[in-house]
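Multiple structures are listed underneath, in structure tokens.
You will see two complexes here that share chain A, one where it goes with chain B and one where it goes with chain C.
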Partner chain A sequence: MALLRHAARVAWKDLRIELRSREIVYTMAFFGGAVPGMLWVAIALAGTIGLGRAFDRERENDTMRALLLAPVPRLAVFLGKAIATTVLVLAVAVVCAPMLAWLLDAPLFAYPGPLVLVVVLGAVGIAVIGSVFAATLLKVRSRDVLLPVILYPLLVPLFVAGTSSTSAQVAEFPNLDAAWYWIEFLGIYDSAFLVLSVWVFESLVIE
Partner chain B sequence: MAGIDRVEIRKLAKRYGSERALAGVTLDLAAGSMCALLGHNGAGKTTLLGIVSTLVRQTGGTVAYRSNGAEVTGAAVRREIGMLAHASLCYGELTARENLALIAGLYEVDGSAAALDGALDRVGLDRKAWDRAARTYSRGMLQRLALARALLTRPSLLLLDEPFTGLDRDGALSLGRQLGALRDAGAIVVVVTHDLEAIADRADHVAILRRGQLVFEERGAYTYEQLKDVYHRHAN
Partner chain C sequence: MKKLAVPLLAVLAAIGLAVSVYLVFYDAPLEYSRNAELQLNGSSLFFNQKIVYFHVGHAFWLFGAVFVSGLSSIAFLKTRNPRWDDIASASTDVAVAFGAVVLFTGSVWAKAAWDVWWKWEPRLTMSLLLWLILVGYVLVRRFAGPSADRIASGMAIFGMVVVPFVYVMVGEGNSHPQAAPGLNPSEGVVGKISPGMRPALWLSVASFLCWYVALLISRVQSTRAERELRELRERGFDLGVLS
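Right after this comes the complex of A and B.
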């Protein structure tokens, strides 16, 4: 419980800063608005930009060191950052999805359960995979270039699963079996990376 | 736990690729002492502080933290460390009070308004600035907030990297007094500085690093002139 309490503290700190500056939401909303009909492209761009900015903030006054120095499990720092990123990516999805449904007259909300689940799992995957690499690259000078280069290949299966599941739901003849298959795939993919990230996070962030 | 009362550094080594930052440093830090860690830029001082703070992993040697003879490890060590680094370690978008409240929460120490205000008062941060975003602070104000952050948790091992940077004369004197008081209260204080005047007559343990090696170590009080002489003889 202490781990989750500390993770929640780190996440709340990130969200509070974001609510004040609104840098990430504005940037992410721009991409969400600029690419209507491409929900997953918007989520991908929003996630990468959001991650980069959220970790850049930790670099500005070397505050990541303050978090890592705190007597809380270092895992709580990782979870806190991942939770905050998930919330921000979901906020973009909440804005983009109705826009997409309205602009393209797509039956996006015909099956709200699977849609919510696939988007949540997508956001969690981006946040988990992204947080561990963004934290690792924090001290690297060319991190802005390296982060997408490292991140996108790992996120490709996630986006394939996300778009496949969404397509199966909005097709003229919806295929819910296929939609759930990809949702299960996403669940397994997220779980595998969550376990891996939890395992390696501390050794990656200590110099 | 009573707090860390001894740090034993043995044959500490650190390499960054082919660069040697530390080579076999052995040093003991004891409770109730203030160690001035001196040396030119690149001598390895910040790396040594980084390893002692648990934020940098050594490539060789050991650092043992003891409390009443028993070894302390992991989060229990971090709980006892207060750190003042080159950067403030504070969030620019948060106010001074919010920054301290975050730290109080993470360290699970008293985060009441009275405790936070008391911490800000002790470092002399202008009251009008307490509820302003820290990004609007001057370098000196940020340094005071960083000090309040470091002292809030009542650390028994205080690691300070150039703590006098950005402070005016009054601020530097006040910081020197506070560090002396912490040392007298039983804390281990380690100060990395090039400001020999600020640390003279306060440090009772001097260690000088040169190219990653400990080239001088002695316990005792030093006047500014003595410290300057020792520094020029060993650091060059």
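Right after this comes the complex of A and C.
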């Protein structure tokens, strides 16, 4: 439980910086505005920008080493970063989804349960997979080129599943079976990579 | 024995390939469609479907190579012994080549079965993404500098976890208008072939195993030699012998 407390502290640190500067929320909320596609484009952009910011800030101020040297398990640092990114992505989704539903007059909230579930699972997946590789690439010079090369093949299944599930929900004849099929897929994909990330993070990030 | 392994396996693979080509074209029956109407029409699918034997042979050891790479990456992260990393790197190089063959033959098959070269269907998309992860691994190794080995190991382990998704992913029906019944690029093949097709299929899988192992061994040797050369050069610089 101490681990979770430390993770929460790291996450809260990131989110507090965010609340004070509002840098990401402003830039990312711009992307709100074909509904499932738009929603997931917004989530994808929020994820990549949020991820980049969460780790770039540590590099610019050279604080990643300090963070890793803190007397908490590295796992807590990883979980903290992942939680902060998840919260940011969800914040953008919370802003964008009603705007999309209203502007495009789409029945986005016809099935609130599956919609919330699919967005949360998508955000968690992006944050978890993204945090592992953003952290390992922190010190690499060609980081900006390599991060998308590594990340996108792993994240695209999340976007495909998220978009398929959302479009099955908002279609003229909603297909809830398909929606749940993709939610299950997201759940399995997320849990597989969460377990894996927790397992390898410590040996991948060494300063 | 060690020196003989590569040529021996290569010869085995060549003989196996020759025999399996014979079996594929002269012994294995044409696939019987489950659709009687199409059987009568004699659609071109029935002959083109023979690409399956090479497609599956490569796909098997593409997955095998990704697992070898992922498991040796785990061993590398645990032990920090660079010999494991050599194996992971070599196996991924071979996997990239096998993956290219899988995608190419799969595309030929799709043209026969669906009359399109490519379709954005879950299983095909996942295979392409797996291949992109492998290509990403090679790029990371080349461009990520001193910590490339660790980052690449992480990618290999993640890639290994993607494999089951490729294998399990089956779309919600093959809804393409031209979709012919019978064997289909978006389905698993092994459980569905008729008994007469089995010898040819398993022989080609076995010969591609020999081929994969031969490639792996020779690639591991050259990767190890490259690494040792690099280490020696660094030592030379440290000692001031080289400048």
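To be clear about the criterion, the second predicted complex is superposed on the first by the 201 of 207 C-alpha atoms of A that agree within 3 Å, B and C clash if a C-alpha of one lies under 4 Å from a C-alpha of the other, contacts with A are read in each partner's own complex, and residues count from 1 in each chain.
The rule we apply is simple: contacts are C-beta pairs under 8 Å (C-beta built on N, C-alpha and C of every residue); 3 or more make two chains touch, one makes a residue touch a chain.
From a predicted model like this one, the values you see are computed outputs, not experimental measurements.
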Q: State whether A:9 touches chain B only (first), chain C only (second), both chains, or neither.
A: first
Q: Using the touch criterion from the header, give the chain among chain B and chain C with more contacted residues in chain A.
A: C
Q: Considering only the touch criterion stated at the top, classify A:41 as touching first (chain B), second (chain C), both, or neither.
A: neither
Q) For A:70, is the partner it touches chain B (first), chain C (second), both, or none of the two (neither)? A) first
Q.
Once chain A of both complexes is superposed, is A:60 in touch with chain B (first), chain C (second), both, or neither?
A. first
Q. Between chain B (first) and chain C (second), which does A:120 come into contact with in this model arrangement: first, second, both, or neither?
A. neither
Q. Regarding the shared-chain residue A:146, is it in contact with chain B (first), chain C (second), both, or neither?
A. second
Q. Touching chain B and also chain C: which chain A residues?
A. 206
Q.
Give the list of chain A residues in touch with chain B in this complex.
A. 6, 9, 13, 16-17, 20-21, 57, 60-63, 65-73, 206-207
Q.
For the complex, give me every residue of chain C touching chain A.
A. 77-78, 122, 125-126, 129-130, 132-133, 136, 139-140, 143-145, 147, 150-151, 153-155, 157-158, 161-162, 165, 172
Q: Would you mind writing out the residues of chain B in touch with chain A in their complex?
A: 50, 53-57, 75-76, 78-79, 81, 83, 85-94, 98, 102-103, 105-107, 133, 149
Q: Could you please specify the touching residues of chain A with respect to chain C in the complex?
A: 129, 132-133, 136-137, 139-142, 145-146, 149-150, 152-154, 156-157, 160, 178, 181, 189, 192-193, 196, 200, 203-204, 206
